[in-house]
Amino acid sequence: MASPLVGIIANPASGRDIRRLVAHGTVFDNNEKTAIVRRVLLGLEAAGITRVAYMPEHDFGIVSRALSGQRLTLSAEPLSMPVLGTSADSMRAARLLAEQGAGCIISLGGDGTNRAIAKGCGAVPLVPISTGTNNVFPYFVEGTTAGLAAGFVATGCVTGQAMQRRPWLEVSVDGEPTDSALIDVVVSSVPFVGARALWDLSTIQEVVLSQVIHGTIGLSALGGALLGHAAAASAPSGMHIVLGSGGTRALAALAPGLVTWVGVATHRILSAGDVVCCRAKSGEGNPVGPFTIALDGERELELSAAARVAVRLRADGPFVVDVPSALGMAARAGYLQRS
Amino acid sequence: MAIAIRQLTYAQAINEALRIEMRRDPRVILLGEDVAGGATVTGFEEDDAWGGVLGVTKGLVNEFGRDRILDTPITEAGFVGASVGAAATGLRPVVELMFVDFFGVCWDMIFDQGAKLRYMFGGKARCPLVIRTMIGAGMGAAGQHSGCHYSVFTHMPGIKTVIPSTPADAKGLLAAAIRDDDLVVFFENKMLYGLSGEVPEGEYVIPLGKADIKREGSDITIVAISRMVQQALAAADMLAADGISVEIVDPRTLSPLDEETILNSVAKTHRLVIVDEDNPRCSAATDIAALAADKAFTELDTPIKLVTAPHTPVPFSPPLEQFYIPSPERIVATVQELMG
Amino acid sequence: MATKNDSPGVQALDKAHLLHMYEQMVTIRQFEERAGKEFAAGKIPGFVHLYAGEEAVAVGVCSHLTDDDFITSHHRGHGHCIAKGVDLREMVAELLGKEAGACRGKGGSMHIADVHKGMLGANGIVGGGLPLATGAGLTAKQQGRGQVAVCFFGDGAANQGTFHESLNLAGIWKLPVVYVAENNGYAESTPVTYHMSCRDIAERAAGYHMPGVTVDGLNIFAVYEAAGEAIARARRGEGPSLIECKTYRYFGHFEGDAITYRSKEEVDSYRSRDAIQSLRRSLAERGIAPDTELDAVDEQVQERIDDAWRFAEAAPLPAPEDALTDVYVSYP
């Protein structure tokens, strides 16, 4: 039986969120990501991992730089795949890792990177390390700890109790499943994808959330603000929010350093399986276009006024490791002690 | 209108020129390292701010504030280049390059950008920038803080070079430099800052490109630059005791050069000595010598002699430094040799 | 989310604006392609450095500027000149060294300028424009009427001392300068993966007290949005920004460059993402402007380029003695 394999997918393309010009976010630069990966590798090694496979890059080489000059007992090889320099690389790397039986995948990136990974990772659990302040899906965790936890997950000492299956949003256009989001789907009146990020509230019409958690940042923070208003849900649930006047107003941290009151016309809780149909509308309620759909905070789809968009909330998203729980399990199972 | 006359030091004269010009034209701003001093430090009196490393710009920040007197980080290429950009876009900056020896750090911005942009843009732009800088040995400041090097600047088309030797000249020439629409480098000899002299009050301008006869004579012309004017005056007193009458021509501006005054003097005395504190190769001295050899060849009774620093960096130890700087004694010896 | 936003977002771009941006990009492309041909035919003295491929950056940024704002450029400057409104006839005449040129024939390709339109010159020194733009920003701040200075520079210049000094100065003085890094992957023949110690130039902004963002320089809307925010920020007095545009030049560092350091596959891959074709598709697919209308724009541009060349070729060379003028305003 092959020894456990852990995958590392580190996204070098940071700094594309132009909200940094209008808000106060920061991003770990690629030299810092290299340092994080070094710490991850040392954590993996300490957990007994001997095989690592990583997503190759065509320019910077975060993981290969992290490896260079290090004396590690584990072996780390780049995945054999073409490199396009786009998010498709992350998706393909995740798929390959799943096919190769990886026991865990560690990612470095934001919501967008993890969205791509989620399209390919299947049931392989993720340890998503956040490398910026504008993210909801990944979390801030120190690299060594992340490596330890991922290593114990891959060796099988840590089981499903230390993981959560996350929901996701399936996006269909004119009846065809087209794309997906992990956190939110937004209908924006901005006609072009452009610089991707959303920062002008006046252009945002509807928001569909995969879950409602307090303490997030971005449009998903509206969900937390509104949860007290709607009937409390016992099962994890999402929310559909239509912005506008005539309803209530919610205070939300929409970007790092940017907290504002947002006019909400209507909102409702969503359960798994619910479908929301949305399109961009004029003030009178007529369809307008072209408009864009943003996935996890980035404009991705440019659509005409006639396009019909349906967003389905699904419960069968990626598995995400809870690092403290994982290490707790490993400790209780005796892996952190020796006589 | 200059009426009253009083004594000021060379440093005070420069300070006064800056004050008058800054009052006169709101586009004039000062930039440089510690030109005000103590930026953003609290709890000290503005009166105690340095006003330049040797206090030449002291007190100006009290009147004009830190929006017009800008302390800069130690980034010559950055702030001298920014001064060029500001000059090309409507301001009239006076930037300080603390010691001329630092020009290597920002030379591109001076000679390849500021000096050339008017020409390269077909005359459709101008760079009304003044760069003030300290020159001169004698303070024991050693190899990287004691040079002259105005020859390098004079060599570049697009730069004007001004080298005052007295307080009155310093004030009038700095005013002219600031009002000039070209890039002017203003060389202040640090050993002259304490020199006192009569300086007219109020506004006045000494035109660039006009030399000054600092002493009239008939036997020999000495062209002297910067502090060497003072050395030549001392030498002239010693030679007068031997009955030798020395005429001292102070060019005051090297680019443009007042060729006429120099050549007229040589035509009068028929002998020429040039005293220059700079190193001898490719210097202002050799430049003026070539001019005289070309245009006053038939007037000369004796070869042109140059009294300069040696071809070395400035040494530190006092006897070595004194050896380096042309002394009145060396000037006297050179003149006596020519006079036979 | 900025609910008070001084920057006109892409949603404010009406058809006239969009067509103007398209026309400017095509003008740059055709200008450069014609210059390349004429250079190969021996008609242009000296060197030319062609901007073809990078049009979205110049146009996306300069769309937010007026004649009252300043830009500095570099050796690959034709695109910035055109985007800033320098006259085409004067530009070609300058390439040919004619007296009717923008610089009276005294500068050539690497020094084309039009100071009255705020174009402070192409520059033959890598990194030379950075302090100059910073100084223009100082003027703008002193004059207090909301002007901005934009500095275009390349990945090569991002390592120069002047880059670091200029950003530091703008950061401490909060100058209204937008530093636009045109990262086309190569400094002459040396790739960024070798010459830069960071991956993205924007990462360096953090050290200089200003925000830095990286955008797809082949996407005119991405450039337009990022530049719009940065320029609005500067006009509001909030200080400088660094925008890095990842882009690509189709031709060599200079014309005559054998370009052995890039593969045909790489060039083809970028050509397939051509910024002008992308904009064309966007406009056609949305019914904003059909292909036929855009073809007509292409033809009009062609005529203006032809006209500029006819004018310049017929224009006289300067008299030899003109070499002596315009060194100084006055001398003595």
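Letters A, B and C mark the chains as written, and numbering starts fresh at 1 in each.
In the analysis below, a residue touches a chain if its C-beta (ideal position, glycine included) is under 8 Å from a C-beta of that chain, and two chains touch if they have at least 3 such contacts.
From a predicted model like this one, the values you see are computed outputs, not experimental measurements.
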item	value
Between A-C and B-C, the pair with more C-beta contacts	B-C
Chain located farthest away, centre of chain A as origin (C-alpha)	B
Chain with minimal offset from the mean of all protein Cα atoms	C
Distance between chain centroids, defined by C-alpha means - chain A, chain B (Å)	65
Euclidean distance of C-alpha centroids - chain B vs chain C, Å	40
Chain centre separation (chain A, chain C; CA means) in Å	36
Chain B to chain C touching residues, read off their complex	29, 67, 70, 72-73, 75, 77-91, 108-109, 112-113, 117-126, 128, 157-158, 160, 180-182, 207-210, 253, 256, 258
Chain A contact footprint on chain C (complex, rising order)	1-3, 5, 9-11, 192-193, 197-200, 202-203, 206, 211-216, 219, 221-226, 229-230, 233, 241, 244, 282, 286
Chain A residues touching chain C - in the complex, by the definition given at the top	12-18, 20-23, 26, 29-31, 59-60, 189-196, 198-204, 254-255, 258, 260, 290, 302, 304
Touching residues (chain side chain C, partner chain B) in the complex	70, 72, 101-107, 111, 113-116, 120-121, 123-125, 128, 130-140, 142-143, 149, 161-162, 165-166, 168-169, 172-173, 325-332
